Amino acid sequence: MQRVGVFVCWCGSNIAGTVDVHAVAEALKSEPGVVFSTDYQYMCSQAGQDIIKQAIAEHNLTGIVVCSCSPRMHEATFRKTAQAAGLNPYMVEIANIREQCSWVHKDMLTGTEKAIILGKAAVAKVNLNTPLTPGESPVTKRALVIGGGIAGIQTALDIADAGFPVDIVEKQPTIGGKMAQLDKTFPTLDCAACILTPKMVDVAQNEKIRIFSYSEVEEVGGFVGNFDVKIKKKARFVKEDICTGCGACVEKCPMKKNPNEFNLGMDNRPAIYIPFAQAVPKVATIDPNACNMLKNGKCGLCARVCAAGAIDYTQKDEIIEEKYGAIVVATGFNPISMEKFDEFAYNQSKDVITSLEFERLTNAAGPSAGKLIRPSDGKHPHTIVFVQCVGSRCDACAEKGKEYCSKICCMYTAKHAMLTRDKYPDTDVYVFYIDVRTPGKNFDEFYRRAVEEFGVKYVKGMVGKVTPEGDKLKVQASDLLSNKQLHIDADLVVLAAAIEPDKSARPLATMLTASMDTNDFFTEAHPKLRPVESPTAGVFLSGACQGPKDIPETVSQAGAAASKVIGLLAKDKLTGNPCIASSNELMCNGCSSCERVCPYGAITYVDKEFRMPDRTTKIRRVASVNPAVCQGCGACTVACPSGAMDLKGFANSQIIAEVDAICK
Amino acid sequence: MKVSYFPGCTLKNKARDLDEYARKSAERLGITLEEIPDWQCCGGVFTTAKGEIATKLSSVRALKYAAEKEQPLVSVCSACHNVIKQTNYAMKTDSDFAKKVNNYMAEETPYNGETQVHHYLEMLRDLVGFDALKEKVVNALSGKKIAAYYGCLLLRPNSVMQMDDPENPKVMENFIKAIGADPVVYAMRNECCGGYISLESPEFAKSKSNAVIENAKAQGAEMIITACPLCKYNLIKNGADIPVVYFTEVLAEALGVKEDTNE
Amino acid sequence: MQVKEYKPLIVAFCCNWCSYAGADLAGNNRLSYPADVKIIRVPCSCRVNPMFILRAFQRGADGVIICGCHPGDCHYTSGNYYTRRRMAALFSMLDFLGIEKERTRVEWVSAAEGAKFAATMNEFAETVASLGENKRLEDLRCKR
Amino acid sequence: MNKDFIQEEILRASGVNPKKCMKCGKCSATCPAYDEMEYHPHQFVSMVENGDIEPLLSSESLYKCLSCFACIDRCPRGVEPAKLVEAVRLAVVRQQDKNHLTANDIPALLDDETPQQLLVSAFRKYTK
């Protein structure tokens, strides 16, 4: 039997004004287990807390009930008080007689009556409380960053800077991501490569950082502080540690005609290739679908010209197993396919391109060496039409496109238009827009400069149809402000395609048990207050995998994610919430119902040996809750058909005791 | 294989050859078009306004007939197909509309959009298969550069018609490939020829038709094929200087049944 | 003989993250609702075992309401979806047993919706009161 | 006719929710009859939304829409402007003596090749 102490707070007149606090204290005295009951003006004050401490010592209390304000306010306070007096902090229950009683009822009689009932419920519950100890688990002091774009790079650098080892997993042969493909960056127009490649070199040279390029995460197990991850390092048929990146093999490879992914297929690369000059790691990779040696066993030229002897046609995929304390998702984005938007004739004409293709066309390292040309005939375009919001801001029921604003298109289109007019003043540049959205530091000023200084023609309206005819693109569009339909003979049409999360994100989210929204963006733990954490403990979000973002925003989020990771890795041990599910193994029938409802993957099934009454042993399959992963929602307790699963701190018996106390 | 067939008014008059080539070709491909007895005109245009019941009853009757025979319903005129398909969709998805129609029809069993509605081209693609069609071709139209003209009715509204990608359709192009010719892809193939307006504003219709013809020619077309009598009328009337024919005509030609028809 | 005025007894299960906070907010804003409503705090609405509800009715409750986060906002990602499905099944069974559907309810109340909490409780209490005393599930052996 | 009533009737008959419109103008960009029209597809949407229907009722634009449905398929927001045009047109032609086309008009408009389809559909579109 517990020895319960009851402490009724007046909260000045907040409670005492509508609740007869003496009567409450008096009434609760006769409840089972109660050995001490008192009231005081401010229980949360130092003096009030001393009363509690003293009573615990004097009356050998094993549990206390504080009738006061909401537990959301002072539960933590009174738990600390109890702990200071040598009591387990989870032997404290709060009866909320302020927010849910004195403040909502006006009549003293009703208020007092209800306060007594709430007090009784709390006493009934505390009688069934058991001391709880939060679980502890060690922390593996190593972080995994999935994705090697600017988000992943920044996160890795910041974590490494704090002294923790970091691994980057990147599925492409090089890190750098989308930013490496860009030409200039808004709103300052500094060249993307000039600011990104030094960071890539920093990553390569940082002793704390390992890069697994051309690799993918295969399997994730474990939990916060203790993830077990399997990484598949795809065979690149080149020994990474030996290859010097000299490029002799690339030059000699006879299989030259393969679409170059880095230039979005606008030119070709050989079967053995280095994506771009500043690639990190600067190591060649053989495309097994293009290499004649790998397909037919004939050729072997690259092996012969490689002075270092780095070519290895027998290389196999390799699985690397590693332990991590924290995982950062930085899987980024892609422009959506323009397949469904052929009113803009993207599939019919080479001169209708996406904005990312435009970046490559204007990039000095791109397929045209930075000269703005029409992809079809290499001529200089004199009239260029930019179309905004292609596939963004669509109705949820629409058959194509995304519901959200892709956020970055207004600014990069202003940038493209401005740079075109700057370099080629003889070019007419039209931008068709629905709204120009430029909330960002120096963003609107940038857009205004495009209009006022560079003479870009911004038209409020949309393009409805692009008809390739001869060497022209006939653009039919609306100009809503002058209430006209425009017909423009353009040489180049650039589509600001909506962006979407990378396709690898969805299977990864499943592996991580991290949640996603309907657009496959990762969900944050709280949209305002925990924007870089996933609801799954130990999984953090960096960059566009969480939502469309420009570079400055990505970098700041990457830093924020890193600081959260550092905060986690700096701990030697993690203390959990002790109010978690636990299964009575003797009652568990191994049905897996709980495992299926658990949103965190905290429940696994294990085969366990049980001693039977006849002294034989029997192996049974029973549920096992991982205390470090369980968040204590209790979904499993209701799903369990045999009543084996229960929630500590909110046990079935405790809640029923409360129900009984209320329904008397 | 037998299917229910809804020819429509124009195919009994000005577009007789569209009908006849369709029947002969289907027969050669092993499909019998069973004309629905006592079919009534579809009305030529689907009224999208809610509460329009009477104008859709003829389509529902044809659909119900096919349902009772457990056959898919095939039509070849773009307009008939559009009206029947949209009516069927409304019967399937708009329970209020279906209830009113069924009350009006007062038949023993109600109809709720069970019939599969195919355009002849869909029949070629999905029931016959373009590969099977290719095998039956005896006069391949090799080297002929043919531009497919879809117009509006075959493809839109896409949520209902579900025939092909409305902005980048391929069914007619694949059909052209199957009969051995070379498809010409041009952007105006899914734009309006001026259709209904040609009665009142012939000049306006002309400008629309011309844009289609010019675009097809600019992309190298030597011939335009279509499934719609009104499109054909408009294109020819407005000065097409390359042949504009029904797709069933080139089909019949490729299958070697064109001459039988004329006899 | 004096007839005692009938006061309904209502048990409200509130999830800790949204609805319990919503109830606190109703208090902060001094928005009144009947004292007949007694709140039991649970971590998530999906913690509410149908057993608890049966027990409440068995012990003489006249109405039971479960409040959770709005769909999509669950602190535990998906708990309220479980609640919605489970309670739909339970409530129709209770209805079959003679506990009218109006005596049971699932309501989404966010931490910001103090006014909604108070309005919901007022309305629910009134509905339950108009139905009169609940007798069906009361276990006579438990009756004093 | 009462203004609110007619707006309600047009919204009901068309099944269109003009509030979904984000004013991008793609309907008017795509419309093949734009230059023939006094009021353009995007104006139909906003005028019906604002209850400014009177000018539409007396506009020739009603008979210029080709019902090609390009605006329906290309609208990013699923607004379906063509259905609104049709609903307004019906609101007009359903009134007494408001048929846009009569049988007497026909002979003058015909030529030898006019397909039946054209006449049938014109009657369905322009008369009650």
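By written order: A, B, C and D. Residues from 1 in each chain.
Note that contacts are C-beta pairs under 8 Å (C-beta built on N, C-alpha and C of every residue); 3 or more make two chains touch, one makes a residue touch a chain.
This is a predicted model, so every value here is computed, not measured.
Of the two chain pairs examined here, A-D and A-C, the one linked by more C-beta pairs in contact is A-C. Comparing the centres of all chains, each the average of its CA atoms, the largest separation from chain C belongs to B. In this assembly, the C-alpha centroid of chain A lies 48 Å from the C-alpha centroid of chain D. Taking the mean of the C-alpha atoms as each chain's centre, chain C and chain D sit 52 Å apart.
For this pair, chain A with chain C, the centres built from the Cα atoms lie 35 Å apart.
One simple way to say how far apart two chains are is to compare their mean CA positions; for chain B and chain D this gives 24 Å. In chain C, there is no position where the chain touches two or more neighbouring chains simultaneously.
Residue positions of chain D with contacts to 2 or more other chains are 70.
Multi-chain contact residues of chain A, defined as those touching 2 or more other chains: 343, 465. Pairs of chains meeting the touch criterion: A-B, A-C, A-D, B-D. On the chain B side of its complex with chain A, the touching residues are 158-159, 165, 167-168, 185-188, 191, 214-215, 218-219.
Of all residues in chain A, only 343, 389, 393-395, 397-398, 401, 434, 460-465, 476-478, 480, 483, 485 touch chain D in the complex they form. Within the complex formed with chain D, the chain B residues making contact are 8-10, 13-15, 41, 43-45, 47-51, 55, 77, 79, 152, 155-158, 166-167, 191-192, 194-201, 204, 208, 229-230, 233, 236-237.
Residues 70-72, 96, 98-101, 103-106, 110-111, 113-114, 117-118, 121, 515, 523, 535, 579, 597, 599, 631-635, 637-639, 647, 650, 652, 655-656, 658-660, 662-664 of chain A touch chain C in their complex. Listing the residues of chain D that touch chain A in their complex gives 20, 22-31, 34-35, 40, 42-43, 70, 74-78.
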